[in-house]
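Presented below is the structure to which this report refers.
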Amino acid sequence: MTWKEIKTILPKVQVAIIPTGSTEQHGPHLPLQSDTAFCLYICKKASEIVYPIAIVTPPISVGISTHHMKFSGSLSLKPETFIASIYDFAWSLKKHGLSKIVIVNGHGGNMAAIKVAARKIYDELDLISASLSYWELLDGGKAKEILNTYPRFPGHACEFETSLSYVIQPELVRKNQITGSDEIVSSHYEPFFAKIEVEYSKSGVSRGDPRLATPEKGRKLIDIISGEMAVFLRRFGEHGDEP
Amino acid sequence: MTWKEIKTILPKVQVAIIPTGSTEQHGPHLPLQSDTAFCLYICKKASEIVYPIAIVTPPISVGISTHHMKFSGSLSLKPETFIASIYDFAWSLKKHGLSKIVIVNGHGGNMAAIKVAARKIYDELDLISASLSYWELLDGGKAKEILNTYPRFPGHACEFETSLSYVIQPELVRKNQITGSDEIVSSHYEPFFAKIEVEYSKSGVSRGDPRLATPEKGRKLIDIISGEMAVFLRRFGEHGDEP
Amino acid sequence: MTWKEIKTILPKVQVAIIPTGSTEQHGPHLPLQSDTAFCLYICKKASEIVYPIAIVTPPISVGISTHHMKFSGSLSLKPETFIASIYDFAWSLKKHGLSKIVIVNGHGGNMAAIKVAARKIYDELDLISASLSYWELLDGGKAKEILNTYPRFPGHACEFETSLSYVIQPELVRKNQITGSDEIVSSHYEPFFAKIEVEYSKSGVSRGDPRLATPEKGRKLIDIISGEMAVFLRRFGEHGDEP
Amino acid sequence: MTWKEIKTILPKVQVAIIPTGSTEQHGPHLPLQSDTAFCLYICKKASEIVYPIAIVTPPISVGISTHHMKFSGSLSLKPETFIASIYDFAWSLKKHGLSKIVIVNGHGGNMAAIKVAARKIYDELDLISASLSYWELLDGGKAKEILNTYPRFPGHACEFETSLSYVIQPELVRKNQITGSDEIVSSHYEPFFAKIEVEYSKSGVSRGDPRLATPEKGRKLIDIISGEMAVFLRRFGEHGDEP
Amino acid sequence: MTWKEIKTILPKVQVAIIPTGSTEQHGPHLPLQSDTAFCLYICKKASEIVYPIAIVTPPISVGISTHHMKFSGSLSLKPETFIASIYDFAWSLKKHGLSKIVIVNGHGGNMAAIKVAARKIYDELDLISASLSYWELLDGGKAKEILNTYPRFPGHACEFETSLSYVIQPELVRKNQITGSDEIVSSHYEPFFAKIEVEYSKSGVSRGDPRLATPEKGRKLIDIISGEMAVFLRRFGEHGDEP
Amino acid sequence: MTWKEIKTILPKVQVAIIPTGSTEQHGPHLPLQSDTAFCLYICKKASEIVYPIAIVTPPISVGISTHHMKFSGSLSLKPETFIASIYDFAWSLKKHGLSKIVIVNGHGGNMAAIKVAARKIYDELDLISASLSYWELLDGGKAKEILNTYPRFPGHACEFETSLSYVIQPELVRKNQITGSDEIVSSHYEPFFAKIEVEYSKSGVSRGDPRLATPEKGRKLIDIISGEMAVFLRRFGEHGDEP
């Protein structure tokens, strides 16, 4: 969009979405930019549904991926840099008169940092803010109806992410490279550890079998998630952070 | 302990625990330092169970509480300061030869920041690290057997926290000030908002009725949580962050 | 690319390119992301010419644009955040064994900061580094042969940038919105001022008449610049920063 | 105290006290937390004398102790973290309407940093501020009447500190571990050196013989110091930083 | 000057000049402080010409010279420290009511950082700001009329700088140490490299033959540059950053 | 000096001196740069006495003077910038093989910050370090023999500083502007306050009557102080920070 087009719709915009992703290994069959691509696609789809009340900034396409540095090509920001980037985006958005920001995240490694960023934006920039990872909008029960292999939340380069890829970036899926997930049995203490399960993986695939992915599953997941995001955006735009 | 006593047990110590709490409003009947008191008490109890494999540092007794500043007496660190404090503790512990750190948290507002801190300690200090809020060791089902009012996790100055207080800081509970929780009906979007439910509260009590608290409930909760922490400490001490 | 594909070519890669752009007004007819799009396109084209000796990271798509904040939609990073982002990219690339980094910039407001970043990478990460804005590869004489309106370097949303757009992002050019450049006569002290000429512009167009732009001009410019970049990449890959 | 209790007395409070201590070796007979315990005890006693014009925040219980890291268990904050913690406490206190802050310090290694912090609070938060180490309130002549071994200021784990301990933390004194101070003859240039005398000590005791300590001496010292602090607090509350 | 003298002229002062230099090798015949001396001398001379509309602060006499650390005695600030120093100077000048700042630089290694600093001063302190290196005021054609060896801009410890030294610091020129410039043939890519040509030099002399320097040449150069600076200062004082 | 001259003497140099001063009001009769001038003069004199074991870097000529901003022309660094400058100087000196650093200070407002800096240099750069304000080398008794008006340490623009000025910067003393010190009776709590006595002054003169200053007194003071500094430098060079 041009600045004049933005200017025209700005009076009707209630929410600005800052998408965050990653550039990191996604198994042998998905490209490094997958998280960013998923997140941006879903944000745009949701913002189209609620047009014109939400706009989407360019994504922060490199996230916190220190846990993937052993896989070639992975890039990582320090948490300070990642948080500062979000903060500066929000500062800019405030300059244009926006008062409600939602950080929509597409990468597990960013989950804590977006919370810190959202609170800083609230405390220090005096903006109403929210943050979520897009899969938090997906009801676990529904996910399990669609997917054969789905733990409580998406794995990595798994059936979930590969199904999304068949819709969002089909030309980038290396079908002949798809293998099953590594057999890593993690204890229930895994959420406490700084080092995460996938760091023990050899293929980079974890928690879900990408061989079971289909475009149809991808479409269903995207429809549910972007639909739920649209509901959230309307609610956030109208009522903000009211309980 | 004296430095010589520490020196004597250090060869047997496998894990250092950094407790984090808060200094913030806890309703009309609990003192500002409640979160710190709960967390420290439970950490010490767990470390006694597994003696001498875990030691406990002094708590970081002021946390991230910007959301409670409207209540008199609440103190808050900026997230950068809070994370830096944990980092410096860990740096010091490394100097004494310790290689495994667990941050045990007692305050909701610190939950994202301890994750960021734990990963920084792992990435930048090359220490094996973990982080958890002590109530994450409490099985929801068991909690509901003990408590009459318990959502998925503890509220604030609620039945849960007041029961703990009857054991941990009984002389500081203002029994004649106890009132029920404010009736705030929050949407399921609440976890996404930077502003949290209790900021809408007038009394500072939320999600659980402190009038139902008893010392017996407190003892049971403490036994379960410190027992689970002991199990975790043994596992972490022996195997570290293996999946 | 997948991590395995990167891993396969890494032994032959001599140079990593970090593209930097902006998200800021580009007149009434070009989209906010133009600088990033130009820069990324040219970097990719040049890296294809010299394949496989150079790889391109995702672009840093928001730059230092405080001087455009009066135009709706412009986003800006603080210089510290911008420099830190480049630094973290370079840190990551070093982890994968890369030793030569070139920052290729597509936005005037980043010109000083990329120099600071390149020197920091050299001093603090011990990497051989270079930085340039892509138009510095374009000989002024050749540019004037192709373009009717071209000062010493490209203007903003001008004949130069619009010609590039006809090739790089043709579907995003609002042809019916194209107007001439504002008539701002700037003194020769303009390069000294922190505030730049375009900040006085009303349309956001400066130094070059976009009405004269053509796809043919765009193709010629791109061929020259990407060709020159290819020559540079070979030289840098082989000899590094030798004089 | 609860937030309501704080709220009730706040209109009468003139001064907030931020106590700072350390967690570091205190010879073979005193616990690591001694400095913090001394400082907090004296602050509370003084604030009781002048009740309700002064309140005491939780102590910053880890200070700048890099010079004690060779002794097991010592923890240290970087000076930046220590100063930021004080700053954030003061920021919080300002939110509650307080305008006068005094940092009361209990650890030699913090002496320069509290001055920097006090001035920052004054310059950047616009609060009236003061800083002192509690022993600066003790007249040297009086100290020498009470103590047999006392240089110009307290030593470390010495007669002075051990006497305080007999009153403040009697159950934590390891009486059978008490030895005399190391015989370190330091030049009069010692105050200029970054490395301090006690870093040359083997026992961790310096400048004063703990074998001569008695509870009676401790009581006298505490009475004098807390009494002097009360006088200061009244003066500071009433007149602020007037000369 | 005394504070009262400053106070008297302040109402007539329109511009404050912050001179920046370096402390680094200047060949075998010029002192380390040459850049600072040149810059300060020219700033003072120009401010005298336009008296009293411009005042000169003390110089920042150590700049960014990491590229000269192999030569004994060179000192360097990190770019962050250098920029912060300029920023704090500007902050101070604003306190005295000044609204226009020009950073006048005397050292190549500072060129990018002064641009970043000038923009920060503009954006964050809301001051009208400019930055330039004093030789940018020297027309290339005129320079070549005066000097026998002059590339597009001054070299290092060269004919240009040595001629200035004969006027500005004649007693510090080691005449018997003067040698010709090292024969380094640098590619036209040199401006892109973080590492600069002089880092390959053995003597520390580059781009210009100091044996050809004379006091007469120095006087001419100084007259032109300080005269041009005076013109600039009048223009900046009157019109600010208007185009 | 040139880099070759430095290189020649470096093997004999044991100590590097970093002088720190201020640019701030010094009453109606002394120039803003007085503190820097005094400090640099004395450092150079002392280093000449012990030649070649000590070298002197350029001074940090703007210090922490927020308390003088009401007086025209005063400049101030933030404490972080001031400490970072000293740190970077020390980092540079280490690159040249120096291992002992002494910060010699000439301004009261820097006293706490040089201690923090010296310890950081020791902890983080692994250099042996010391810090002192030059008047700390002056025995109080001797000072009172020479001066008629001298409290425990020098005042501001007082008999002490004006006597030094008659020797160090005689041409800059405005004799006809000399007035007596303001009659400010400060409490003995003054050392605790962040705001210092001279901030209440109208003339900027405090603690000592400049009308009683003479060149003879100045010479005596300088001889004593630089002589004592020479003794210290020899001791520090030979034994470092041994007690």
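To keep things simple, chains are lettered A, B, C, D, E and F as they appear, and every chain counts its residues starting from 1.
Convention: a residue touches a chain if its C-beta (ideal position, glycine included) is under 8 Å from a C-beta of that chain, and two chains touch if they have at least 3 such contacts.
Note that the coordinates shown come from a computational prediction; the quantities given were computed from them, not determined experimentally.
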Shared chain contacts [chain B and chain C, defined touch]: A
Shared chain contacts [chain C and chain D, defined touch]: none
Chain at maximum distance from chain C, centres defined as averaged CA atoms: D
Interface residue identity across copies chain B, chain D - same or different by half: same
Centroid spacing, where centroids are CA-atom means, of chain E and chain F in whole angstrom: 27
Centroid distance [mean C-alpha coordinates] between chain F and chain B, Å: 49
Junction residues of chain E, two or more chains touched: 80
Touch-based graph of the chains, sorted into line, ring, star, complete or other: ring
Ring walk, chain C to chain E and onward: C, E, F, D, B, A
Chain E residues within the chain C interface of the complex: 64, 66-67, 79-80, 102, 111-113, 115-116, 118-123, 128-132, 136, 184-187, 189-195, 197, 200, 232, 235-236, 241-243
Residues on chain E engaged by chain F in the complex (per definition of touch): 1-4, 6-7, 10, 23-33, 36, 57-59, 61-62, 69, 71-78, 80-81, 84-85, 87-89, 91-93, 95-96, 174, 177, 204
